[in-house]
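Order of writing sets the chain letters: A, B, C, D, E and F. Residues in each chain are counted from 1.
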Amino acid sequence: MGYGDVQMIDENGNRIDGRKAGDIRPIEIEMGVVPVADGSASMRWGTNYVIASVYGPMEAHPRKIQRQERAVLDVRYNMAPFSTTDRFRPGFNRRSREISKVTADALESVVLLELYPRSKIRVEIEIICAEAGTRCVGLTAASLALADAGIPMTDMVVSVASGKINGVVVCDLNKEEDNYGAADLPMGVLPNTGELVFLQMDGDLSPSEFQEAWDYNMEAALKIHELMKEAIANKYGGAQ
Amino acid sequence: MGYGDVQMIDENGNRIDGRKAGDIRPIEIEMGVVPVADGSASMRWGTNYVIASVYGPMEAHPRKIQRQERAVLDVRYNMAPFSTTDRFRPGFNRRSREISKVTADALESVVLLELYPRSKIRVEIEIICAEAGTRCVGLTAASLALADAGIPMTDMVVSVASGKINGVVVCDLNKEEDNYGAADLPMGVLPNTGELVFLQMDGDLSPSEFQEAWDYNMEAALKIHELMKEAIANKYGGAQ
Amino acid sequence: MGYGDVQMIDENGNRIDGRKAGDIRPIEIEMGVVPVADGSASMRWGTNYVIASVYGPMEAHPRKIQRQERAVLDVRYNMAPFSTTDRFRPGFNRRSREISKVTADALESVVLLELYPRSKIRVEIEIICAEAGTRCVGLTAASLALADAGIPMTDMVVSVASGKINGVVVCDLNKEEDNYGAADLPMGVLPNTGELVFLQMDGDLSPSEFQEAWDYNMEAALKIHELMKEAIANKYGGAQ
Amino acid sequence: MAQPLVPELLRAHLTELATRDQRADGRGQWEGRELSVEVGVLDRAEGSAKVQMGDTIVFCGIKFQLQTPYPDRPDEGGLMTSAELRPLAGRHIEPGPPSPESIEIGRVVDRGIRESGCINTKDLCIIPGEKVWQVIIDCFAISDDGNLFDAFGLAAIAALHNATLPGERFDVGEDRKLPVNKTPIMCSYQKVGGRFVYDSNREEEVGGDERIHITLGEDDHVHSLQKGLKGVFSASEFVEIMDAAKQRCAELRKIVDSL
Amino acid sequence: MAQPLVPELLRAHLTELATRDQRADGRGQWEGRELSVEVGVLDRAEGSAKVQMGDTIVFCGIKFQLQTPYPDRPDEGGLMTSAELRPLAGRHIEPGPPSPESIEIGRVVDRGIRESGCINTKDLCIIPGEKVWQVIIDCFAISDDGNLFDAFGLAAIAALHNATLPGERFDVGEDRKLPVNKTPIMCSYQKVGGRFVYDSNREEEVGGDERIHITLGEDDHVHSLQKGLKGVFSASEFVEIMDAAKQRCAELRKIVDSL
Amino acid sequence: MAQPLVPELLRAHLTELATRDQRADGRGQWEGRELSVEVGVLDRAEGSAKVQMGDTIVFCGIKFQLQTPYPDRPDEGGLMTSAELRPLAGRHIEPGPPSPESIEIGRVVDRGIRESGCINTKDLCIIPGEKVWQVIIDCFAISDDGNLFDAFGLAAIAALHNATLPGERFDVGEDRKLPVNKTPIMCSYQKVGGRFVYDSNREEEVGGDERIHITLGEDDHVHSLQKGLKGVFSASEFVEIMDAAKQRCAELRKIVDSL
């Protein structure tokens, strides 16, 4: 906050990396990157590089975590030690715990857990290289890995964040924009219904700015969904 | 120790807060202060403010802690972060562990645990505001909370400490007296029999000083017991 | 490394404590030093002083550690806080964890675990006074304690290390030699077959130096085995 | 917190009530429980508040510490929020290291305060580059009958407004009131029986689905959002609760500002 | 320590013996087990002792560290006692973080030493406000056949009397004997079969009730008391064991002072 | 890692194959899996490598930090190796604190690098007595199909050769290549079906016995050895694998030196 004097958008509305306000960064998806996993995917998104793997459904143990009527989803978001400019020290971390929890909350909303009573599905998200928006990349990659593992879901989850910089609402902040940004609104969207399973926000947005950021996210989610469908089709030789 | 030069008792035997040697600080008891608990009580004692809650008897789990022939008592004494002048950092603390243990030892001596085989009774003691003698206040409040929960006991436990200041034995040290005190003798008394279930002491007391402190505690315990009976009667509309 | 300029061996091939290159430090063994244990032994080896105790076979709990077809061996190597010149702080320690693991790996190779399905054998190694080579002393003492407990083994384990100092390969480094040494090769030998169950090495040894150190260890192991047999015979009044 | 068993009967009951636009304790959809806010209640804290919402009772205490500022922000102090869910406050709260729930609640309360800018960290500077104040906001539950998020959020901002910088005790000047520029307010909504309600009690929490936590500042500016727990919601549902939040936050802000 | 199963048979047996004024190992009510105390037994410690009471064997090692004194006590050093119950010493001792039992025993031994004033913390000052000694007393059990409290207490005071301040190693002057002004002694009593006995062994610990630990200094001054475990006792029982303690502490003090 | 159930059928199968000089995936006794090594693959690391051996995939990233040197070695920097086995990389890897396996693997990789002298810690000095570099080698498994030891060892030395000291970012001079003087190489052998094989895959790890890890430098100098897991081996078996290691390490060294 309060860094409004650093100019990040020029007079033509171009951002420092050449994007327009509503543009997303380049995205590359690779399926099956963890050969020993039941499902996996990686996303390069800007300079973010995130790998997600899925194991299960498997027996839930210890037994006290078992649920009679459904599977439990065990989700971990973690930053690799070399993922940040200053080395990221491994170990307990409140931010990672919170992101793991809200990511699990989002995925539980779409995975058909009732199909696998008493079992466990493990979802592992590793941030190999962090730029900005790692929680969105992680959640999206996790839904790709679940698809790769053949776990039935009501819909994919596409996550993306918009924010505010120099008083202007823009989509998918990069690292520099994030450093000087005044707000961040990450959302997790179900592309087929437009419903949400994930929502966070911090900063300062007026009601109209909020609406603008919301709309950017909805629009971007549909674009990203096209890339996801394409990656899955490339691997499995057909549409989702 | 060695702070004998700070004068805490005047020529008339008056202490800095106006009490005589054998007087206790003002005490206020409130029953049922934690609405969701099975039993609870708070004590304001000087500027100490302590809340105790009781849950159970409930199933003891994990099963390895179960005892075939009786209930287990799970007692925790904890200081809230804002309970002390310098913020009290949450987390592992050897002092709290020891006090939890001796408090449990004291309460186990009166609770009729044999009535509830294989079950667990949880006793939670939180020091919201700490003056001096928090372990005594906590133990006494816990026995009130157990009574409020309707857990059968052979007797209440009344706990109070006497000590030595400027070479004089006095009852129920306040914070300033505790800081400069030369001895502290906390006891846990069963008011109906005069027996003990709790005893600690540190400092330096000659045999005769020790006897004097002991006698102050016994006398004070009976006074405090009257206040406890009154608080219970006020809530339940009758004598204990 | 790189401390080659401190002269630790004189022109006659004598080491600072008067030993020749292939000599071991003085060793004293005492059996049954922990009266309450099922088996125990201590070794004084140079100024090392190490105590090992064995408990079991006993029921393995929690049940998830049980193995249907054999006993599990639970081995702990630990340094007492007063075992080193600077106080050794108790708690988690990566070095101790690794030594515990390789010691367990070595002992599992000789103990007839199949005789005790579903059970556990605890082996505790405490370094009371540390000189150099504590892992070797610990492993050897543990095999003595297992023998004292009457746990059947295919063979004893004798462990000893050779190293390099001032470019010369010598056996059983003492503390000063270890501080300035350029290599360390600890081995765990089965004296009756000459086979190995434990091997580590760090530093720099040419192939021929490596062979020399290996041979010193083999020779020393047989000498130490004689002392071990003697200690057992002294206690039980017969040869092993 | 242990995973509570969610009896399907409770869910069915709550759903049935919802179809008749009712709640288990008789409240309306956007109606909060009886509320009381007191400040200055903790003798050892530099600022404090007690909030009671029905049978949910919490304390918040403000403490200060001196610290060295970060080199890149030599004139800015620090802010830290911690939420302790001690087993005192409910049968469902287990002892042990912080649960994911307590971590989430602490971070959500923290974001609401921090992002509103109600504390200007430059107001916490004592000697630039050398000494700044750290504000520590400790939220502490006494009795959890649901919606600790809002209780903690309200207690935190009320306690901040009540706080005094203890310059004399730390020998860095006179005591003075902590400058608090704004009054961010959190309101939480949970889907119960298929529709969102305000201020869910513990029964509704156990038998309900996702929660949405909204922190608003002056002029309905949004400072923090958090969706928690399993569940899907639509854009129109969100608009509905955002409208409810705007009204309720304004009411609560008046209460806090009048203390 | 894991909770040992208390066979009612053992309790009944010990009670039956008590009615005939007997103990399981033939000792009298106030009689201790065979005792040996050795000092200077640990090569790497600056002071050390080994105590054997029957089959209970413990070490105590004294180590020193340099530290900066607290600002409000610039000329006083520090004292710390740690008691480690490693699983080496008994089948009933489980590995893992410090148990409540080991925390209690360390703190009780510490209080006896600290409160007696046997170490004057001003004797630990090297440069006021800058450098003071911290004395670390590490108690370590080799074999636990009961009454580790007294074994640790005796080993600790014996090791302190044996200790040398390692000025040369830390480059702060010459080595010199640690000044120890007094000899506090702890004696422990446990209720077994309905009456208190001195120096209970492990069998009595398992089949007994509450323990009382008494630390006395010169002239029978009381320095520390601790009641542990479940159990009720009367004032007259306490007077009885206090009298026994006065006699036994004096005997043990002679042994320590003559080492 | 959880203890995998070792089906006796798998062991019998591997033994039967071994009698016919075969392995489960058709490789020869001393034959490694298909190998690829890439460097410079991690944008935020100052040096990095990705190693793939069959379906085993790992990253290694080099990071630097400034630190104050130890008083007795004022002109020497530090070196630290960490190996993280995150549950991402395999169904058998459980979350939680570092397992004994991950501690062992990190320490063995560390010793190979450290003891070879490939990093001269004096090359890490910036201002003697004040500022030195600490090199941190973070090994990270993406997919564990066996033999993480060798994959981590190879990735570590390759990443070191790829590393740049970030002088500018830390404002201590210009960026420059990290001096790496040698190329230590680790080769691991596991006894499977009664004989040692090179580069065991996960199936062989689960159905095999002891492993021996050998790190060799130039001229076949031995820098590190480690025997892990339950098992007995003879001197002649060791000679055999040492000969195999000399050949394979030389081959791998050429690959690393040519990157």
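One rule holds for everything that comes next: a contact is a pair of C-beta atoms (placed from the backbone, for glycine too) under 8 Å apart; a residue touches a chain by one contact, two chains touch by 3 or more.
On a predicted model such as this, the values are computed, not experimentally measured, just so you know.
Participant: If we look at subunit E and subunit F, which chains touch each of them?
Facilitator: C
Participant: Looking at CA centres, what chain is most distant from subunit B?
Facilitator: F
Participant: Quick one: which of B-D, C-F or A-D reuses the C-E interface, over half of the residue-numbered contact pairs in common?
Facilitator: Duplicate interface of C-E: B-D.
Participant: Using each chain's Cα centroid, which is most distant from the centroid of subunit C?
Facilitator: Checked the centroid distances; the maximum from subunit C is D.
Participant: Take the average of all CA coordinates in subunit A, do the same for subunit B, and state the distance between these two points in whole angstrom.
Facilitator: Distance between chain centres: 52 Å.
Participant: Could you tell me the distance, in whole angstrom, between the mean C-alpha positions of subunit B and subunit F?
Facilitator: One centre to the other, that is 58 Å.
Participant: Just curious, how far off is subunit E from subunit B if you go by their C-alpha centres, in Å?
Facilitator: 26
Participant: Just give me the whole-number Å value for how far the CA centre of subunit A lies from that of subunit F.
Facilitator: Their C-alpha centroids are separated by 32 Å.
Participant: Two or more other chains in contact with one residue: find those residues in subunit A.
Facilitator: none
Participant: Which positions in subunit E touch two or more other chains at once?
Facilitator: In subunit E, no residue touches two or more other chains.
Participant: Ring order from subunit B, via subunit D next?
Facilitator: In ring order, starting at subunit B and going to subunit D first, we get B, D, A, F, C, E.
Participant: Residues of subunit B touching subunit E in their complex?
Facilitator: By the definition above, subunit B touches subunit E via 1, 65, 67, 94-95, 97-98, 100-102, 105-106, 108-110, 185, 190, 193-207, 210, 214.
Participant: In the complex of these two chains, what residues of subunit D are touching subunit B?
Facilitator: Within the complex, subunit D touches subunit B at residues 42-45, 48, 55, 57, 59, 61-63, 65, 82, 84, 86-91, 95, 136, 138, 140, 142-145, 169, 202.
Participant: Using the touch rule from the top, collect the residues of subunit F that touch subunit C in their complex.
Facilitator: 3, 98, 100-101, 103-104, 106-107, 111, 114-117, 210, 212, 217, 219-235, 238
Participant: Can you list the residues on subunit A that touch subunit F in the complex?
Facilitator: 33-38, 47, 49, 51-53, 55, 58, 76, 78, 80-87, 90, 122, 124-126, 128-130
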